[in-house]
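Two complexes follow with chain A in common, the first pairing it with chain B and the second with chain C.
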Partner chain A sequence: MLKFKSFYSALLFVFILIIFSGCVSRQESGKSVITVWHWMTDREPAFKELSKRYEAKTGVKVSFELYVPSDAYSQKVRAAAQGANLPDIFGILGEKRDFSSFIKAGFILELTPYMDEDNAKWKNYFFAKALAVNEFNEGNSYDIKPGIYGVPIDIMTIQMVYNKALFKQLGLNPNRPPQTFAELLDIGKKIKAANLQGLVSGWGEIWMIDCLANNYAFNIMGKDKVIATIKGEVPYTDPDWIKVLSLFKDMQESGLLASGLVTMVNKTAEQLFANERAVFAFNGSWCVNVYKEMNPKLEYDAFLPPKVTDKYPMAIWGGAGSSFMVSGRSKNKEEAVKFLRWLTEAPQQAYLAEATNNLPANKESINKIPQVLANFARAMDSATHPRVWGVSEFSPVIEALDKGIQSIIIGEKTPEEVAGEVQRIKERELKKRR
Partner chain B sequence: MKIKSALENYIFVLPAVLIFSIFYIIPFFSVLQLGFYDWDGILPTKIFIGLSNFKEIFSDRIWWQSLWQSGYITLIALTFQNALAFLLAWACDREIRMKNFYRVIFFIPPVLSEVVVGLVWQWILNGNYGILNHWLTHFGFANLTRNWLSDPNTALTMVAIVHCWKGFGWGFLLFLAGLQTIPRELYEAAHVDGANAWQSFKSVTIPMMISVVVLVAILTILGTMQVFVLIYTMTGGGPGYHTEVPVLRILASMRGSSRFGYACAQGITFGVILCMISFVQLIVSRKAKN
Partner chain C sequence: MKSGLYYKTKKVTLNLIIHLLLLTVATTCILPLLWMISSSLKTQETIFKDMSIIPRVFHFENYYQAWIEGGFGRYFLNSIFYTVAVVIGIVFISSMAAYAFSRLRFPGRNVLFFIFMAAMMIPLQGSFVALYVLLNKLHLRNTALGYILCMINVGLSTSIFLLKTFFDKMPKELEDAARIDGCSKIGIWWHVALPLAKPVLAVVVILNALNVWNEFILALLIFDSRPLMPLQVALMTFQGEFVTRYPLLMAGLTIAALPIIILYLLMQKYIIKGVTQGAVVG
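This part shows the complex of A and B:
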């Protein structure tokens, strides 16, 4: 009995020791260590290599910690923020509203003074649209002090891509993607007749439908009307919005949309396109790397979603692909900023672009990228992003719009019905905020 | 001496109490408390809004639709899945050849990862390249082929069937264990009294298995109402809202909309509903036993 008690007491002691050891702060070693949390699996080896180069140059160790999948990463960052355990550098996945909450809570350092040093030398590295995603302008609706709060690591655009071999099979010119929406629908009919699969995309994951719907909303009604809708000044039942929703019905009826698209995740869509089982895909510039890994011989090219009208320019989502922020509570703020400045210099950006096939955020590195990637980069002129609009649509409204479009595609609801439902949710959300 | 002994006892139970409090009691009350707040999960400030979140749940059509849909899956699991599990357990309990082989085979689906199962079935049910459509066409039923997971008429039922396939092994195992505890003498006595196989089953097997059936039913309801990973992998809740279930809605509130307070209120409401179902089931089963 005594032996048992002694054993149990020892066990208890170890247990208490473990608990308290968790409460003790980490010992600071003499050498600086910058910790970076990220979710970018494809960039991990390149980051590790750059970390080695930086340590060799400055003696400062940079520890990149990868957390996947991105959902889990996102939750980890939020939990760390609550526990005041954020790393020195991290990225935020989510809407601009979430970004603003992190800033309001003091979790993110304002980088404007650093960007403006030496006649804005650092700021001038970047494409203006890449920086805009991390910027809050004067009079922004989030009540954030105007300034720059993040550093873009790369840029992206989301466009259409088409398979050249399947274009030939359909009797089409492989070097001429459709220029108008009517042409796109005509190709849809040919795809249906040839019993091929048309457009694939991750429309089961919601946000990509939202992206294409917004592209066409910009083309049909212009930016101002889209923003006015988000502000609640124009209803979703407006004829222009009905027209946007009807495009999805037209695409479905023409045979352009691949079967099972509404529950398709982007990974499946990428596999189908890379394996030459689909004529079109709607995907981001990251797909260049993905397709290269899946099928290096794939012949394809990128193009802007074909216009419905010439009244307004077509806009696609683009800007900063991924960005890093410096923790406002980090003890290594200065070191962290120095590292990010180094990471975004032309040689490091060129290396990242070459190793990962992502578009560099640094303007000087853009001429050292493959042809298809360059086509994605050219579309930066047409790029916009919800994060630069200054206002955010309510999440339930975005969900209702996206799910509604799914319902239109499966023939369950009409565009008018979906518009009515979305507007009802919009009014409910507006009422709650008043 | 008495005080020392009592103190010793308290110290010995302290680790268990600490673990239980830290990982169960405190989170439970935190979730309950958050249900009364409007909070985005990031800002340090939370706005107290009383019962607003709970009131909103009552008018949230999609929430109740998701609850109804998980109820539909549960109904299929309770009937189809458990009937199959019981029949197979009954067959394996009899003197049949290779019964140990069957026992292993039937228990393979439950030990597989839900993500893997979801992805494999997604491939089987794929409208373009799926093996199900391939075989249907091969055997002359091409008119039946469809995109099983994107068709609102079939998506939920398909998800329910896959869930049953994945889960029937648990019921099988419990039913088999229950059947093996029934004394063989009872069957021998019934046989001597002239009972045939059906009468033995009706008068011996069923009454002796009531408690196991109740246990399996409770586990099926609680497990199926909380089904999540499989649906997340197979359909993500689509097409539209046709395969949404409560846990997916809670996740959507928390992650998609950054409404932690509302998600906590949904979690509490869902927990209360599950408790009520279990309570009713327990009362019904007690009455049935009596």
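This part shows the complex of A and C:
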């Protein structure tokens, strides 16, 4: 009993000691002038290095604070906004709706006047499409004053990549990816004959199918007709849509698609391509980093999905990868803006791209980065994204289209059947909203 | 009439089936642990190519690298500090509260107890913003004390429930005997109830230690200063947006799992007792 008593007393003593030690106020060093909150683990060392360079140049200390995973980071930002504790610079993860609610509450500084200074010098650093994600146009549905509210740090595009060694093995020129869809199908036949795996991608996570289908829809019928379909003015049973759906049947029949593709998650697809077990992959520009980690010796390059027709340009999904915002209530607004301007200048952007393998948002830095990254970045001219179309398709319609494509690939349904089903769902959804 | 051989064969077959089943369950439980240790000794490249449990080349340097890159030294001490403080706090407060709920008669006792139980149903994420604002107003945000108090609060409901269930079954005669010897209510709690509750206290300790040791979301929310963060936050640094550094992450996880495994092994005897408690108390 005595032993237990003394043990318990000791525990109680330690607890009281701890509580009192916790009461000692913790003072921050107070040296940090600008605080940046971010969630980008892979960019943390590069940010730290750039912060050192900025301090050496200007004497202003920038403290990058990393909070991961990204969903916990988002919660922290929301809580900090409620508690009026937002840092000088931060990023918002989520939809444009969340972004707009922060602007409405006065948590984000409008950057248009800074971007427009000196004949829009800062604004001209960026790919226009990278800036679009952070921009609210006249008459936007969020009721936000038109302007720019964020600074893109990097960009991303989703394209095709091919394995150069396997191209050689197939007797193809490793420096010439297919230029047309017909060429792509021919390579598919060679892949089948050589008993290799063709295209891998995360088509089990169906949004990537949606992405490729939209790319070809833009190429076959043009942007206006795609938008008209979303608005309900053109049916999915239109011959152009049947043509888009038929491409997937053609790809499957040629032997281009790897086995198990419809249930494949992107991590598996990345693993297969990095280990040289697939000739093609359809993936985002982040894959450069992923492939480098999995197989540094991998020889590959990026290319636009080969066009079906010359009638309309090929469009791919792309835009701003990560963006930073300046707190509207920060005491260091001006310093924060100055730092972001410096961070997005060509030399710093080139350093970030080189150190992190992410595409720079500054278009002038393309010439200073590795070829595969530059190829991904150059495709920004062909980039689009559903977020900037101004209209969005109903979720059940997107799901029906993507799952329908999966059914076409496994030979369960014909393109015409899928088009009919998607149109029926579209009409049902339109009726609900009327 | 069935022969002895029949019963012997039946017994052996039944035992074989039971043991096969148990072996399967045990393997399923231990396999992730083995995979974690195995992956911690591979490279980023071989982790995707070499699927064997025993790596061809052992890369013990991953442990050193994870320790240095993750800044584990500081975070490890922080986690030990938070775990010890929170567990002591929970054991102290919940044992007193549970004893009061079990033995004292006061108005609103049941309502208060049900409120505590209802708190168990609220997910921690649901109270993040409110907690952040409250800690901010109390000037406890970004302090170790703020985090410790929050974590004590998180673990109280379950611990009170476990201990109250135990105290309810404790024979009243033991307390009467102590009272005759001149013990006060606090004295009975201290000298009689607590020593008898050792197995349940062991369960409370291990459950809460595990909870605090593995917690990081609340820490991420409350702390701005990295030097105050617990070990689990350091592990997250190996997990990128698109790339995860698996060997370092697995090495880090192995390091992080060790103290809890050791604690479990030390308290195993009491935990088993605690789980099976109920038949005889006192």
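The working rule: the second predicted complex is superposed on the first by the 259 of 434 C-alpha atoms of A that agree within 3 Å, B and C clash if a C-alpha of one lies under 4 Å from a C-alpha of the other, contacts with A are read in each partner's own complex, and residues count from 1 in each chain.
Just so we're on the same page, a contact is a pair of C-beta atoms (placed from the backbone, for glycine too) under 8 Å apart; a residue touches a chain by one contact, two chains touch by 3 or more.
On a predicted model such as this, the values are computed, not experimentally measured, just so you know.
Undergrad: In the overlaid three-chain picture, which partner chain does A:L261 touch, first (chain B) or second (chain C), both, or neither?
TA: First partner only.
Undergrad: Which of the two partners, first being chain B and second being chain C, lies in contact with A:K76: first, second, both, or neither?
TA: second
Undergrad: Which partner does A:L66 reach: the first (chain B), the second (chain C), both, or neither?
TA: In the superposition, A:L66 touches chain C alone.
Undergrad: Which partner does A:S101 reach: the first (chain B), the second (chain C), both, or neither?
TA: Touch status of A:S101: first partner only.
Undergrad: Considering only touches as defined above, state whether A:T112 meets chain B (first), chain C (second), both or neither.
TA: In the superposition, A:T112 contacts neither chain B nor chain C.
Undergrad: Pick one for A:N124: touches chain B only (first), chain C only (second), both, or neither.
TA: neither
Undergrad: Taking the superposition on A as described, I'd like to know which of chain B and chain C A:N140 touches: first, second, both or neither.
TA: Neither: A:N140 stays clear of chain B and chain C.
Undergrad: Considering only touches as defined above, state whether A:T58 meets chain B (first), chain C (second), both or neither.
TA: After superposition on chain A, A:T58 lies in contact with neither partner.
Undergrad: Regarding the shared-chain residue A:N85, is it in contact with chain B (first), chain C (second), both, or neither?
TA: Second partner only, chain C.
Undergrad: Can you give me the overlap between the chain B contact set and the chain C contact set on chain A?
TA: In the superposed arrangement, which is not itself an observed complex, chain A uses residues 5, 8, 12, 15, 19, 75, 78, 82 for both chain B and chain C.
Undergrad: Would you mind writing out the residues of chain A in touch with chain C in their complex?
TA: Those in contact with chain C are residues 1, 4-5, 8, 11-12, 14-15, 18-19, 21-23, 25-26, 28, 39-42, 44, 65-70, 72-73, 75-76, 78-80, 82-83, 85, 271, 274-275, 286-287, 289-290, 293-296.
Undergrad: Quick one: in the complex, what on chain C touches chain A?
TA: Interface residues on chain C, with respect to chain A: 44-45, 48-49, 81, 84-85, 88-89, 91-92, 125, 128-129, 132-133, 136, 141-146, 148, 190-191, 194-195, 198, 216-217, 220-221, 224-226, 228, 233, 236-243, 245.
Undergrad: If you look only at chain B, which of its residues touch chain A in the complex?
TA: 8, 11-12, 14-15, 18, 40-44, 126-129, 147, 149-152, 155, 234-236, 238-241, 252, 255-259
Undergrad: Can you list the residues on chain A that touch chain B in the complex?
TA: 5, 8, 12, 15, 19, 71, 74-75, 78, 81-82, 94-95, 97-98, 101-102, 104-105, 107, 197, 204-206, 258-263, 265, 277, 394-396, 399, 403-404, 406-407, 409-410, 412
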